[in-house]
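We just call them A, B, C and D in the order they show up, numbering each chain from 1.
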Amino acid sequence: MKVRVYYEDTDAGGIVYHTNFIKFCERARSEIFFSRNMMPHEKYKSGFVVRKIDADFFAVSRLGDLLEVFTTIKERRNTSLILRQEIYRENTILFGMDIVLVYIEEGKPKRFPNDYIKVFEETQKKSQE
Amino acid sequence: MKVRVYYEDTDAGGIVYHTNFIKFCERARSEIFFSRNMMPHEKYKSGFVVRKIDADFFAVSRLGDLLEVFTTIKERRNTSLILRQEIYRENTILFGMDIVLVYIEEGKPKRFPNDYIKVFEETQKKSQE
Amino acid sequence: MKVRVYYEDTDAGGIVYHTNFIKFCERARSEIFFSRNMMPHEKYKSGFVVRKIDADFFAVSRLGDLLEVFTTIKERRNTSLILRQEIYRENTILFGMDIVLVYIEEGKPKRFPNDYIKVFEETQKKSQE
Amino acid sequence: MKVRVYYEDTDAGGIVYHTNFIKFCERARSEIFFSRNMMPHEKYKSGFVVRKIDADFFAVSRLGDLLEVFTTIKERRNTSLILRQEIYRENTILFGMDIVLVYIEEGKPKRFPNDYIKVFEETQKKSQE
């Protein structure tokens, strides 16, 4: 998934405001579902809740940059999923994070539905080709 | 209502990103209610919908500025309300807008409840003192 | 230019936060230049400053919507340009605004460079085809 | 430092969008300096760069909540500083993170100026009283 850096993403330091890298990752996760016309929270009154983020900021990004976000499954547990998401500008890595997502149905953690896992796996395969 | 300009509010041009002035005005409208422990959408499954904004950008604002937002009632109609909101840094006006709000209850425009009008009038009086 | 509605664009009312329509329009203006590798503020230490916005909010947008932003030149003056920008979801118009941009070089309003006008005109033609 | 949750901070899930907790923490760090009329990047052409964030999301926050951000020094190294920042709603912790900041002067990591360390220490003392 490509992300363009617009004025709104930058700050007075002339670079992308740090938390916006984390927003770009969320866009990439959502796009995986939206581009398939899947809306988790409509089907099961459910959704993914972010429990933990471990993020490294390797390099800065500037106005007009065209970035790419890669998402892979790092670990699969019962009610949670650890994804690895990385942001590149061409061949340079700018940002990487491990994110722990918990799957919630009607307020309670539930086992991740298999169709959601499959969707992440498909995306992973495509980006490795 | 005072608003501090943080990094997230600025852009690579070194100034407050233009639409953020409009966000500051929305914060000021909400604060009027939140500071009184009023939550319009909980009481009546209702809320204010923005219908129209006419905005003038007079001067720029920079990182660290302490701004002040003033809100006055410009015109009161049956199901809508026109507010005038202005943003100052000390005695300099930076931004001004007329905003048309429509009051919605369960999806339909309704007459503005009198207690909401009163709340706006009280705020106006206080800021004129 | 297409814009996907992500979580960050919505608010607790379940719809796109009103000022985000205005941000989507700015993305569309910037994309016109970035997609041609043009960076106004680098070439001439210059940029566009927003002077005035007259906006109408016709309908709401929700999570996952795929929107399209159209930009046309409404009026060309000496140091300013009035654009008309509209946001559609398929054939439904959600938002429209007239925006007055002033062109600034080293802090002072200057005549709009012809190559910038041409870029807007090219975009307009393409979107009308 | 108190932070009110406005519409712009929430998303269609009805809760504060996850990365906004991280933005609230940045506001708190900046406020420490701005409230003393200190502007790091003006004095030394310098600034703090975020290198690493380890964040835990303990509980959600909703529209209108009044939150409080606490900032303490966790570890002081030569050119970097590890802060602990936590967000509470009354006595409930919602969010906590360790953040590694690097101090940059004219593009290069430098020793953290002592007056900046002192400012963080003063804030810490005040919040413990």
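Just so it is clear, a contact is a pair of C-beta atoms (placed from the backbone, for glycine too) under 8 Å apart; a residue touches a chain by one contact, two chains touch by 3 or more.
Since the structure is predicted, the reported quantities are computational estimates derived from the model, not experimental observations.
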Farthest-lying chain, centroid of Cα atoms versus that of chain A: B
Chain pair with the higher count of C-beta pairs in contact (B-C, B-D): B-C
Between chain B and chain D, centroid-to-centroid distance (C-alpha), Å: 27
Separation of chain C from chain D, taking each centre as the mean of its C-alpha atoms, in whole Å: 33
Inter-centroid spacing, chain C versus chain B (mean Cα positions, whole Å): 23
Sites on chain B at which at least two other chains make contact: 7-8, 12-13, 19, 23, 26, 63
Chain contact graph, described as a line, ring, star, complete graph or other shape: complete
Touching residues on chain C, where the partner in the complex is chain D: 7-8, 10-15, 17, 19, 62-63
Complex interface listing, chain C residues touching chain B: 12-13, 18-20, 22-23, 26, 41, 47, 49-57, 60
List of chain A residues in touch with chain C within their complex: 4, 6-8, 23, 26-27, 30-31, 34, 39, 63-64, 66
